[in-house]
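Two complexes, one shared chain (subunit A), two partners (subunit B, subunit C).
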Partner chain A sequence: MKEGKLVGRSVARREDPRLLSGRGRFVDDIALPGMLHAQFVRSTVAHGEIASVDLSAVRHVPGVVAAFTADDLELGDITAQLGRPLSEYVPTAMPVLARDKVRYVGEPVAIVVARDAYAAEDGLEAAKVSYTTLPPVTSEEAALAPGAPLVHDEAARNTLVDVSLFATDGIDEIFASAPCVVHVESRTGRQNALPLETRGVVAHWDDREEQLVVQTCTQVPHQVRTVASRSLRLDERAVRVVVPDMGGGFGQKCVVGREEIAAAAAALRLRRPVKWIEDRKDALSASFLAREQHYQVRAAFGADGRILGLDADVVCDMGAYSCYPFTAGIEPLMASAEMPGVYKVPAYRVRGRAITTNKAPTAPYRGVSRPQYVMVVERLFERAARELGLDPVEIRRRNVITDFPYTGVNHITYDPGSYLESLNLCERLVQDEGWYEKQAAAAAEGRHLGIGYACFSERTGYGSTAFAQRKMQVVPGFDISEVRMDTSGAVTVTTGTMSHGQSHETTMAQIVADELGLDIAKVRLHQGDTDRITYGWGTFASRSITVGGSAVRLAAAKLGDKLRAIAAARWGIDADEVELTDGAARRRDDTSEVLTYEDIADIAYLRAHLLPKDIEPGLAATATFDVFTDGTFSNATHGVVVELHQGTGQVEILRYVCVEDCGVAINPQVVEGQCRGGIAQGIAGALFEQVTYDDMGEPSATSFMDYKVPTAHEIPDVLIHHLETPSAFTETGAKGAGEGGTIGAPAAVLNAVNDALRPTGVELDHTPVTPETVHRALNLEAAS
Partner chain B sequence: MKPAPFRYHRAPDVDGATRLLAELGDDAKVIAGGQSLVAMMNFRLARPRHLVDIAGIRELGRLHRDADGGLRIGALTTHHTVETDPTGVLGTGFAVLRDAMGWIGHLPIRTRGTVGGSIAHADATAEWCLLAVVLGAEFVARGPRGERRIPVADFFLGYYTTALAPDELLIEIVFPRPAPHAALTEFAERRGDFALVAAAVDLDIEEGTVRGGRVALGGVAAAVVRVPEAEAVLAGGGSFDDCASAAAAAVEPPADASGSTHYRKELVRTLVRRACEEAKSR
Partner chain C sequence: MTDTTAPAQREVQLITLDVNGEQHEVITEPRRTLVDVLRHELRLTGTHVGCEHGICGACTVLVDDRPVRACLMFAAQAEGARIRTVESLSEGDQLGDLQQAFSTHHGLQCGFCTPGFLMLAEGFLAERPEATKEEIREVVAANLCRCTGYQTIVEAIDGCAQARRRACASRCDSKESDVCS
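This part shows the complex of A and B:
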């Protein structure tokens, strides 16, 4: 890459003037003439056969225009496929509206469409649905118990995924003879990714275009188009998915939801615009949830603290349905493939399972299994350090990968990173602030301070091959970008990625502006419109800047070649003799010879007769990018200091230090925003958030009173330090930065809590860690 | 999360409001700041057929001291007004009220929520209920049968239940005397949440020595309660630790997902001690 002018600088976000002054346009801001409002009749039982659905009274409620059941709309099911044998993966169908059976409280059974959202809710109350209830399956134990009721008849033992990806020969002998074997069992709470903007859609039929236009807040517009067209039996061309401004997604919106398809079907049937905005109650209890996993992992260590083996059993409670397109395999496969992480693990065995239960289904959530397995592995290292009498940072130092590229026991090749450097620097930053002294002083006063770390890497830039290795049938690898210049010299860029808070309008423009030597104000990004974008996989898995950004840069470079070629032809020189700076082509040998981009565009479009024969009119270039290696790994070390309060059990975070390396940071401020937001969500998982279910499958959290998302008061400021190990696999040297914060925080927080609990002898490995749990641990003596 | 249909009525003044309430009967509900009621209506847990909006009644917004040193708070005074005390009327004698406001929800809630609304709603963890109980407030209510004063001891009857008649309006809260050595504290997992447990104390201090005091707890029973066992320790010259232990021993808080009975009792111990120390240091 040429010496960048904008890449690497915290260019002010181009989205902000619009968003901060209330001029953004979100789904709920869209109002179309004659628009109707939809709400869903939802199951009140966790598991049951639908005996009857009677909507006749609904249709008489004032303001209600229509009400439809699954039979009324005749929609195709949503079925996510994985290319694995039935013994490893059982595909299950998710009907758009429940037909014969309901599988969780909140499952949509019918759609009610009314002149406003109030009347729609009045309509819901008039619906009469009767169920023949079945015993609900609400826990892993219940799901796997012999003779357990089946959530899906085709999934024996309620198991959707059961894979054993690795089993090193002789691993049992390694464990049998190892000087030190430690074990961690950890259960992580069911969470909600909780985008500030709930899910929503406005759908209408456009007679002139013969198109169903679906405006929705999704991370994967083309995937929504595919499912909508199949479910409604339309050509893909006849569905246009448009994404307005988005208030977050975090993975909850990277799967296709049933409600947006049902609302689109209603709009198609009624030939009137239909809006559905998920209310917070449904968002908390009936949307896609995440994260509930159960780990039982052993690690064997030598007396010198070197890890000898890792032996893991992972069970992920995916809830009632497999999500599209990722399937219920996403979590167990992620954990199985990646668990050894930053460490040189010589022997590895893992079994990963996904089970189905009568709870709301799950979607990938920022980090996808990595927050959990990193927490477990980091707990194992801490525990081994205690057993072996080693310093917890030192034991990591002895085990992190330092020679790159490194091919692990999991057959993944890790590209260069700064694992050891980040670990050392993070420890030093904590030391330099005097936290170890403060910890000792506090202990002398009977206070409980703890210091914890997490060292981890994160595979970003998954290409087609990496996903294909997991046997995904839909392989979201490549990206396409088109860069087009108009006659005024302004540039329009398309990307198949979908910013829902990641600042792509800024970062992608930085890349293009640098590549073309152009004022960033002249660059405008288009995303999230299936009619404008050739194809795209959207934004998830920290892929946007690595894959999308690379495609953008390649397309911009192609356009640059054409600009140079036209200028060179005018001057009768070789294209290599032309450089692009400050919005113009210049002769290298005589910089006073200038053709501005307007001049070149003038030739390319308006006076094409001036073009040489071998150059086509117009100024546009398209490029694709894919990653054919194992991808590129960003990495970080987090250091956390907590104080546990004896009288209340409160965990107070006194300091948070993050040393991160995402290669070339296109825009450091944006990276820091990602770190901070991710860390907040990681802390949420470690200490606060959880959706529990009672024995009848009723969810506990239907408002923010019960779902304890932390607020600004609970989240500390974060000291962020950047290291830069550029990626050789991406066009910009960037690695993904979207998920690392969330991945590292639970481990670092939990290690700090356990460090503070050290005098009590209690170790806490389940999340969230509640004040009551901490209080009990701190007051064991008093209680006994 | 849209309310069931209702009719909206704007009351011109207190008499107009009570007339409307009498006329509309049990199907009517008073709305002031709406910080509890609207959420309950949006969940359709509350389904009043009529709302009587008193927010425009200016006479209910006064906050002033009376001649004998007491404090009179008009029912529509917002938490934020007490928190910022723009006229300086609270002084050191009622600083406890100002300082307690930070525990109520978040700024937007405090800006709309009203003192009278909070007390009439009678949540068992509400800061205003706790302050009223610990400081021995009196409530002025007006209805078709005229005006009456209700002592706090007769006011809170149980879960979200008060002595107010359906056609009566709470118009003023009277704190009879300054409480320079009072404090309120609480614990919740997140700042601004309903407290798991809240504690308030009002100490009688003479020449630096605690002679007695009142102790009130929220979140341990159906309504805010006084704890005579803990007050007896204070009156008998016992330590704050003993007072806190007596309070913890005296209550049997219900368990729920946020905390067991044992944990809440432990919180009582911690918070009563903390409130005593804060009150004494004032």
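This part shows the complex of A and C:
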């Protein structure tokens, strides 16, 4: 990329003025004439046959306009597919409203539509649903037990995905003869991605356009359109999905929700606008959850600390249904494919399973399995370091990939990164602040300070190739961008990605402004409208800048070519002799010859007769981008200092240092924001958040009283240091930056906690690490 | 067949609310919360709803200058009080200093919790302009943000407080004003 003026600078965000003055437009801010409000009758049992649904009393509640069951609406199911044999993947359907059976507490059974949200809630109270209850399956043990009740009849052993991969020749012999074999068993808590804006939708039928307009807060507008059109049996053209401002998503909104389809169906049936805004109770208990996984992993090491092999068994509790488009394979396949991570692992074997239980279903959540497997692998290195008497940073130094490109035992080729550099720098930053001395001084006072690290990489810029390798039958990957200039020289850019806090209106505009030599105020991004954007895969997997940003730059470059061609034709010179700077085309040989973009647009649109015959009127260019390699890897090392409090078991984070490398940072302030926010969510998973279920499948967390979202009390300031290894695979040199913070934090925090616990001999490998477990560990020490 | 849980007839009342210096007459059910009336009757949608049970603070507004969870208060209870919402912080397109500080420090990402933090800080700094960064952190811990990790919110409010103190001190030095009592 040529030396840019804006890329690499912390340009002020275009999103800020409206969001700061209360003029954003979130989905619940939309009010349409005659709009009705929907709420859902939800299952009160975790597992059961629906004996009867009686909505007659509901329909008599003042304010209630209509109420529908699955039978009333006759909607097509939501079904996601993997192209794998039945022995590896069992497809299951998710009905929009439960039909014969309910599979979790909170599952939508009927939709109630009323004049306002209060009346809709009144209506719910009058619904009479009776169930023939079945024994619920609420844990991995119960799901896999012989003779266990089946959540889906077609899924034997309650198993949706079961893959065994890699199995390097001779791996058993390697483990049998290795000088050091360490084992980690880890369970990670079920979490809620918890965007502060819950899910919601406003749908209405537009007679003039003959379209169902679905305004919904989704990360994947085109995927919602596809599912809505199939479920409602409409031509896809007859559905328009528009995304307003979004109050976060983090993955929970990158799958298609049943409620958004049901609300759209009600709007279509009633020919009136219908709004559904999820309340927090439903968002906590009946939305998409994530992250409940169980790892049993062995690692073999040589006496010199070099890793010889990794042997893993991963079970992911995906809850009641497979999500669209990712399927229940999302977590186990991510963990299985990527686990060796930044290390030169010569032998690898993994079995990855997804099981189904009577709990709310799961969706991808920021990091997807990487927060967990990185934590497990980093625990293995710490444990091996202890066994071998090595420094925990030194053992990593001996094992991280340093020669790039590197093709791993998992058949993935890693592009250049700064694994060793980030590790060394992070350790030095912690050393330079004197934390090792402070730790020793604290120990002398009987206090418990611990220092922990996590070194990891993160594949970003997944293209179609990478998703196809997972055998997804709906294969995300490419992106399309159009860049259009109007007669005033202003530019409209489209992207198929969907910002929900990541500042794309700013960063994508930076890319275009640099490419065209244009004032950024002249560039406006359009996203989240299926009528404006040909197709797109939305925002997830840190793909927006890597894939979407590349398409944006290519489209801008194409438009630049046309601007040059028109100017060159006017001057009778070669297009190569024209450069684009400061909003104008200039002759290289005579910079006093200038055609402003307004001048060129004037020719392109208003006086097209002046154009040469081989140049079409108009100023628009479209480009697509896909990644046909294994993608591009961001990397980072996190260093954490914690103090464990003897009296309360509290884990206090005293220092957090992050050395990250996401290639070219389009906007460093935005990247830092992503790091800090990601780290906060990683800490949340490590220490605080968990949804548990009782034996009857009743969720524990139905309010913020029962689900501890960390505040400014618990989340520390983070020192961030940037390294820059540009990507050769993206058009800007950028790598993804959306998820890394979340990936590294649990491992670094857990390692620091265990370092602090070292005198007790207790090691904690499950998350969240609660005050109770820490208190117990410290009291064991006190007792001995 | 009527259910006892649902009122046979919906009761409404006329209330007057003083919001951002304007008087609004609203016909509403007594059970409607202040935040719902602000958002859906008065169409002041800058104030957001994040939990409806008083934990997240996205609905924070000022009631008689004090930060209040507008989801925990019925609109009828706010009669006679002065209510201020995020819409009062800027004049036209000109952001106020607190809003500008949030932008400068990247104290917002998705922006959903932001109006709540702004009104929380607006009320707090008015009461305690000399607040230290640690005191600001304590107050910021009253609300939830899922995007930023809080550091930049604390820095934004602290930056705004410092700038106001500097401006106040320089006014005193130049004896142009006696506002800094």
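One rule holds for everything that comes next: the second predicted complex is superposed on the first by the 780 of 784 C-alpha atoms of A that agree within 3 Å, B and C clash if a C-alpha of one lies under 4 Å from a C-alpha of the other, contacts with A are read in each partner's own complex, and residues count from 1 in each chain.
Here, a residue touches a chain if its C-beta (ideal position, glycine included) is under 8 Å from a C-beta of that chain, and two chains touch if they have at least 3 such contacts.
Predicted model, so just to flag it, every value in this text is computed and none were measured.
J.: So, A:775: does it touch subunit B (first), subunit C (second), both, or neither?
T.: first
J.: Using the touch definition from the top, say if A:421 reaches subunit B (first), subunit C (second), both or neither.
T.: neither
J.: Once chain A of both complexes is superposed, is A:705 in touch with subunit B (first), subunit C (second), both, or neither?
T.: After superposing on A, A:705 lies in contact with both subunit B and subunit C.
J.: Just subunit B (first), just subunit C (second), both, or neither: which does A:561 touch?
T.: Touch status of A:561: no partner.
J.: Tell me which partner touches more residues of subunit A in the superposed arrangement, subunit B or subunit C.
T.: Subunit A has more residues touched by C than by the other partner.
J.: Just checking: does A:650 make contact with subunit B only, subunit C only, both, or neither of them? Give me first, second, both or neither.
T.: In the superposition, A:650 touches subunit B alone.
J.: Per the contact definition in the header, classify A:692: touching subunit B only (first), subunit C only (second), both, or neither.
T.: first
J.: For A:13, select first, second, both or neither according to whether it touches subunit B, subunit C, the two together, or no partner.
T.: Only subunit C; A:13 stays clear of subunit B.
J.: I'd like to know which partner A:763 touches here: subunit B for first, subunit C for second, both or neither.
T.: neither
J.: Answer with first, second, both or neither: which of subunit B and subunit C does A:598 touch in the superposed model?
T.: neither
J.: Would you please give the residues of subunit A that touch subunit B in one complex and also touch subunit C in the other complex?
T.: Looking at subunit A, the two contact sets intersect at 117-118, 122, 125, 279-280, 703, 705, 711, 713.
J.: Show which residues of subunit C lie in contact with subunit A when the two form their complex.
T.: 1-3, 5-10, 29, 31-32, 36, 39-40, 43-53, 55-56, 58, 85-87, 89-90, 93, 95, 99, 102-104, 106, 108-115, 118, 137-138, 140-154
J.: Per the contact definition, I'd like the list of subunit A residues that touch subunit B in the complex.
T.: Against subunit B, subunit A makes touches at 117-118, 120-122, 125, 279-281, 647-650, 688, 692, 700, 702-703, 705-706, 708, 710-711, 713-714, 770-772, 775-776, 779.
J.: Name, in rising order, each residue of subunit A that touches subunit C in their complex.
T.: It is residues 10, 12-13, 15-17, 19-26, 28-29, 31, 56-57, 60-63, 116-119, 122-123, 125-126, 194-198, 245-248, 250, 277, 279-280, 500-503, 669-670, 672-673, 676-681, 703-705, 709, 711-713, 715, 717-718 of subunit A that touch subunit C.
J.: Which residues of subunit B touch subunit A in their complex?
T.: 1-5, 39, 43-44, 106, 187, 189-194, 257, 259-260, 263, 266-267, 269-271, 273-274
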